[in-house]
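The two complexes that follow have subunit A in common; it is paired with subunit B in the first and with subunit C in the second.
And then the complex of A and B:
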């Protein structure tokens, strides 16, 4: 075997005989490459890009959900189903599949065929498509590594480096592939911190979509509070977890025009995997929760956990149902919250709780798979502490503001 | 016979894989898109081979979890043929890993990917000379559009073991 120096010497010889560098023309591509990575121009551009991302997401999802799908589900699907469903309105079958016979919208009915389908197809599907469309363009253009360079300094404060932006942004689509993407980080410490804070604090695309619909006025605050938590927990973990946090060494690719075929292919693969993984879970979630309602388990749990929920977190005890569902699907959990009577502030707390309390089951499995038993238990400990302290803190803030 | 796709991160291994197999592995323009391996099958002149899309690695001394997977794949498949995918616009860097793989005793085919980018940058590569020195097949490829993929597939069977001393000797004069 050659050593490093001998190998490079050989490569040098080969290169001299085989490569000729012609005159290099500075192109528009190079100019764009430069201004997007220099802090002075790059940071405003990054803010514009991310804002554009969000604006497109909101506009696209809103256009399809509010413009078409809400009307379709509330004015046609729900009344039709309420009329033709073969079982009587008092029967448990009706309760599980159609839900509340008096409901006039698909959010409140909470049957499997009403709310279940509405949440997945009416609300989450447009959001997911919109999100992935922009994300894929970002992935394929070569912008993500540049974002990594710009945000490097900030992420060093939490024991990571700029490239952690990649799993973080992927996580906004779905936490599951994001957990795997943590492998691009060099040390065990970095991977542990990253997995833990993204599983706890980063809402997935499905959850973002439903939040937009359920709490349009306060969704910004919820995201801000989660983002703050991401940094606070990251900061704490980077101080107490042993191990190294190396510097960012990154190869920045040239920009590329995303091709239609690749964007289309990836969008199709991701959307169809949403169909096969999300839909069964949401529908199953509705059935489980309705059965738990019918059998009185929810009431029993609500009474048991009521003092904790209302005393420590300041949310109504009825949220216990949503917290159970959150283990299966976060989007469904947020949808369920919308049917519970509470103040705007309690709503914010509940949505935050649903987000930070236990990742969905799929992410849970990934934490175990990627982190091993030890890493998994570590994440779990961080999670439990976060739910009580950070969730409780929000209640304290409302008390101090006099709105609790 | 097994075929491994080896190369630096973000040189287009997944794009080559998808073109060869018709699979739908995620292709993106950032290093570290592939962090785990994917197996697929490719048919070449009636024969079917197993081909593995390996995560990118800069060298055979792993730095992160994805590179560990790459090195493990190589070690677990002693009998495999390696397609070393190299970014043609940064050829020297890519040769480093390719030479390491050759030294480890794997038959190698070199795919000079992003050939179109190299041409845009006015980089001229003498492919015949390179083949002559390395004594392994070298095929210019633009995987994103599929150019050169057929030739690459057809020349996999030409891959043979090379002694590094022979390459040093050929490069020397």
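And then the complex of A and C:
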């Protein structure tokens, strides 16, 4: 045990070895840090950074998916499985595990071992890795808090503040950790708004990866439409939900170079959680949907919900299967949509519907856990109203444009 | 003298970048493509690349007055970083497209296919990239 004098001596020693005294000099790093938070210069920089984010995501995911994994699954895995699978091609086991015996690609086969594995490993995994890699670099470099400051004014319009950018961006990877990240916001009102709008309007990385594959030309418009919905619903909720929306007080760290070991460790933690949460849900989702197809439940539901789907939303009644799957995994649902015959506009509406329709089951559980029963029911009410109004609105736009 | 030369250089360079940014922006909005010699304006994200390039040019031009001052220099450096982001992502996309083979070639691209991925025409940011590296020299020289 040290007495008081010894403690002060120790403090002096540490201070002498760690603190440098001198005249403060404004460095280039400080000046760059300043201009990245000023709106006039910061917004163009943010556009460039987000462009870089997206361009890396597309190139990285495309390299693995289109470059190698599509070939691996379509030219080797699928033919091999179709040849060696022990059950006959007419059997229900074959239908569930391998899918359509005439399919020549894993995307359309829709068996658990074909489409299920292809979606998870072939499409979603590269997208998730690319997304988290860039996100971690932005986090560790110190740019993310600056983005929070920059976007603070805009987010105040929807009852949130700059730090809401953290769950929003995290949500582009996966809605589940994003729901937990909503705790970063101070009040109950802010947390409720954030959880609700991210669960409805932000597509996860898995879904983005599949969207890029299924509707590459229109994915930009879909995201723009979802982004508009994010702000519209946020604005409405901020007006009707009681509670406070306090100001943001944020300590901004200086810019620093991310270290390989930190980036690697974080990337491993985040992607490994994808393996444990996503893979079982995707594989289970394919089994359930194939069983529902075999037992005729999908046809029955499609007939029952047909008038609503084609009348109100303007999409084919066959999309009902994808909407059921969407409750388990949204990426799988978008993949299933690609196998349904429809126009380009119907495809965009279907993808939007899958995105804003019930969040996946894992996000559902998080909404309940984080918001309690009352918050969960509130989010659910907002969700049902949004699906009908926003989905119908898109159909109306197509009608007015004369394409529906 | 060195400072004056840098100001003149970045004024001219800024004007060129700004012009190319406006051109890319207009072509992006029109959804057209344009090729002139080794320069090509087309493809995905033309509109966004145009917007960024426009601001890069604007940052360069606004930094030339009293370039030696730290805040002005920061604008210049940031403009170069924005340009490097577009060019860097284009180079990364070229690399990722050059390695895998097509449906007939097998897993890895042929030597000819690999090289052709790097052949011109190039997007404006890629052509402007070497000229923006003067910023690095200027910062280095200033530090010394």
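Basically, the second predicted complex is superposed on the first by the 383 of 404 C-alpha atoms of A that agree within 3 Å, B and C clash if a C-alpha of one lies under 4 Å from a C-alpha of the other, contacts with A are read in each partner's own complex, and residues count from 1 in each chain.
Assume contacts are C-beta pairs under 8 Å (C-beta built on N, C-alpha and C of every residue); 3 or more make two chains touch, one makes a residue touch a chain.
As the structure is a computational prediction, the values presented were derived from the model and not from experiment.
Peer 1: Looking at A:55 after the superposition, I want to know if it touches subunit B, subunit C, both of them or none. Which is it: first, second, both, neither?
Peer 2: In the superposition, A:55 touches subunit C alone.
Peer 1: Would you sort A:93 into first (subunit B), second (subunit C), both or neither based on which partner it touches?
Peer 2: The answer is neither, since A:93 touches no partner chain.
Peer 1: Quick one: classify A:7 as touching subunit B (first), subunit C (second), both or neither.
Peer 2: First partner only, subunit B.
Peer 1: Which of the two, subunit B or subunit C, is in touch with more residues of subunit A?
Peer 2: The partner that reaches more residues of subunit A in the superposed model: B.
Peer 1: Is A:166 contacted by the first partner subunit B, the second partner subunit C, both or neither?
Peer 2: first
Peer 1: Between subunit B (first) and subunit C (second), which, if any, makes contact with A:44: first, second, both or neither?
Peer 2: The second partner, subunit C, only.
Peer 1: Looking at A:181 after the superposition, I want to know if it touches subunit B, subunit C, both of them or none. Which is it: first, second, both, neither?
Peer 2: first
Peer 1: A:251 in the overlay: touching subunit B, subunit C, both, or neither? Say first, second, both or neither.
Peer 2: first
Peer 1: Which partner chains sit in contact with A:361 here, subunit B, subunit C, both or neither? Use first/second/both/neither.
Peer 2: Touch partners of A:361: none, neither subunit B nor subunit C.
Peer 1: State the interface residues of subunit B toward subunit A in the complex, per the touch definition above.
Peer 2: Going through subunit B, the ones touching subunit A are 8-10, 24, 26-33, 35-36, 55, 63-66, 69, 91-92, 95-96, 99-100, 103, 117, 121-127, 129-130, 133-134, 144, 164, 167-168, 171-172.
Peer 1: Using the touch definition up top, name the residues of subunit A that touch subunit C in the complex.
Peer 2: 26-28, 30-32, 34-36, 41, 44-45, 47-49, 51-52, 54-56, 58-60, 62-63, 66-68, 71
Peer 1: Subunit B touches which residues of subunit A in the complex?
Peer 2: Against subunit B, subunit A makes touches at 1-2, 7-8, 10-15, 17-25, 136, 139-142, 144-145, 163, 166, 180-181, 183-186, 191, 250-251, 253-256, 259, 262, 265-266, 269.
Peer 1: Give every residue of subunit C touching subunit A within the complex, in rising order.
Peer 2: For subunit C paired with subunit A, touching residues are 44-45, 48-49, 51-52, 55, 58-59, 70-71, 73-75, 77-78, 81-82, 85-86, 88-90, 92-93, 96-97, 99-100, 103, 107, 139.
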